[in-house]
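My questions will all concern the structure given below.
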Amino acid sequence: MKLSTGFVRASGYAYKVRRVLFAITRGRVEPEEVVRAAAELNQYVFEKLQEMGVNKGDVVRISVPFSIEGGKIKWHYGGLKIEVYKREDEAKLAEAMEEIEERERALEEQIKELEELTLQLREMSEKILEKLEELKQEHTSLRLKAEE
Amino acid sequence: MKLSTGFVRASGYAYKVRRVLFAITRGRVEPEEVVRAAAELNQYVFEKLQEMGVNKGDVVRISVPFSIEGGKIKWHYGGLKIEVYKREDEAKLAEAMEEIEERERALEEQIKELEELTLQLREMSEKILEKLEELKQEHTSLRLKAEE
Amino acid sequence: MKLSTGFVRASGYAYKVRRVLFAITRGRVEPEEVVRAAAELNQYVFEKLQEMGVNKGDVVRISVPFSIEGGKIKWHYGGLKIEVYKREDEAKLAEAMEEIEERERALEEQIKELEELTLQLREMSEKILEKLEELKQEHTSLRLKAEE
Amino acid sequence: MKLSTGFVRASGYAYKVRRVLFAITRGRVEPEEVVRAAAELNQYVFEKLQEMGVNKGDVVRISVPFSIEGGKIKWHYGGLKIEVYKREDEAKLAEAMEEIEERERALEEQIKELEELTLQLREMSEKILEKLEELKQEHTSLRLKAEE
């Protein structure tokens, strides 16, 4: 298997690695392992980008083969490929990637709000279940949670 | 404190004890302890009713003082009072209590249905939260559950 | 068909009529018609109880045949039967019915709370749907409500 | 005010116009009007792109000033600006935009699933409210919907 970040500004490659890794391993690897493996790769790539003198605003595309062994992600660093597009040479590309990042931030805001609402929803469901338990306790001979 | 069952058919005193106990100790005693204490009292009363030759269709009214000590319910059996109204003497009363029981069964059915629906609701909330976690994983750099 | 209130204190017969009527006509008569028909019968019975000198604390049991015609409830007043048990003669019965009413009030409180919570739940669902519509508007080319 | 699509493949400018328009007019214009205004602009731009011989795979960036008058969006076509980047000249940019579109399709899928779940949630809330109405009808003297 192979992970490819697609084009992304150097400042954002780490999150891109993680997202793509989640998407392509979904259902086969535990989230914790995805987070760990992404962090490992990102540390490795970070050093390479430093050595190559890549700037935050440059665009990069990173690909690396990996395998899943016993639920663990194993990077095959030998096959790592890093493409760099300097901001000055690929001005439009860099500008486009910056726009994309901005839009992602708007998406994040909305998803956070959705999550907040849904957590309230879950809390509400719990409260209704508690009230029903009280109804059962005081008005019926139904089996109670305390008896389970 | 004192628990009184109110009028109830002998066949139904045990659940009535429990319900009333829940209602009057709510917030001060754990549900498990209410279930335990009700069971203890009911066993004691059961033997007394046997000795007294009470029939299932007779109406009884039971009261007993108790105290709460360290979260535990302690029955003061010395103050236990059992009134018995024989079905043949208090025909209307016995009939009325039977009606009440029937209505309670209808209430039970409806509460069970409500509980079923609410459990589905909780499950639905969990599924929505899972989907949101996926959205976060694949499209944002938001903090994930796996990182908590 | 026949409606019977079961035993009930004179002060509470009207609600009992309505409840029983809901239970036995469910699915065949619109709620509005149940409310209307109950009010009609209750007005009729009220006058009879006045004439009979029934007191609020007395226990009554009322039954009356009816038919459903074209979605309407038609009372057959000719078959109306009113039993009255004077408080002084049936002291225990009256006392028992009073207890029942008290417990119903506790049930009402809990159902009101449940309803309140569930209305909040519905509101929460609506808010989540709105947020999702915003996500669709700003981040996807999915069909929008405004296009339906 | 001014709408700018940012970089986008010519095949996708229409949806991009609509999304951006939603984002920048939120709260000030009805969704129906956003849909209408976007369609109007898109028709106009479509003809221009045809005349300019733009291909689907080319990247464009479109901006146009507008004003909101009486809840309506009015395009100032005089200020319309269309930039075109031919696929052959800006290969990386075109490739990047194609990737973005692919990722948007994945997002769409997940949002559709979320919406489906939330519609089920709303339905569930309605069912619980109905059940509660039945409880009120049959076991309490609470005010009913049919009485409102």
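Note that the chains are named A, B, C and D in the order they appear, and that numbering of residues resets to 1 at the start of each chain.
In this text, a residue touches a chain if its C-beta (ideal position, glycine included) is under 8 Å from a C-beta of that chain, and two chains touch if they have at least 3 such contacts.
Because the structure is a prediction, the values reported are computed rather than measured.
For the pair chain C and chain D, the fraction of shared interface numbers is greater than half, so the two copies use mostly the same residues to meet.
Comparing mean CA positions across the assembly, the chain most remote from chain B is D. Annotation: 53 Å between the Cα-based centres of chain B and chain D. If you average the Cα atoms of chain C and of chain D, the two centres end up 47 Å apart. Rounded to whole angstrom, the centroid-to-centroid distance between chain A and chain D, based on C-alpha atoms, equals 25 Å. Residue positions 23, 103, 106-107, 111, 114, 118, 121, 125, 128, 132, 134-135, 138-139 of chain B each touch two or more of the other chains.
Interface residues of chain A, counted against chain B in their complex, comprise 12, 15, 18-19, 22-23, 26, 30-32, 34-35, 104, 107-108, 111-112, 114-115, 118-119, 121-122, 125-126, 128-129, 132-142, 144-147.
Taken in their complex, chain C has these residues touching chain A: 103, 106-107, 110-111, 113-114, 117-118, 120-121, 124-125, 127-128, 131-132, 134-135, 138-139. Residue ranges of chain D in contact with chain A, taken from their complex: 6-7, 23, 59, 85, 90, 92-93, 95-97, 99-100, 103, 106-107, 114, 121, 128.
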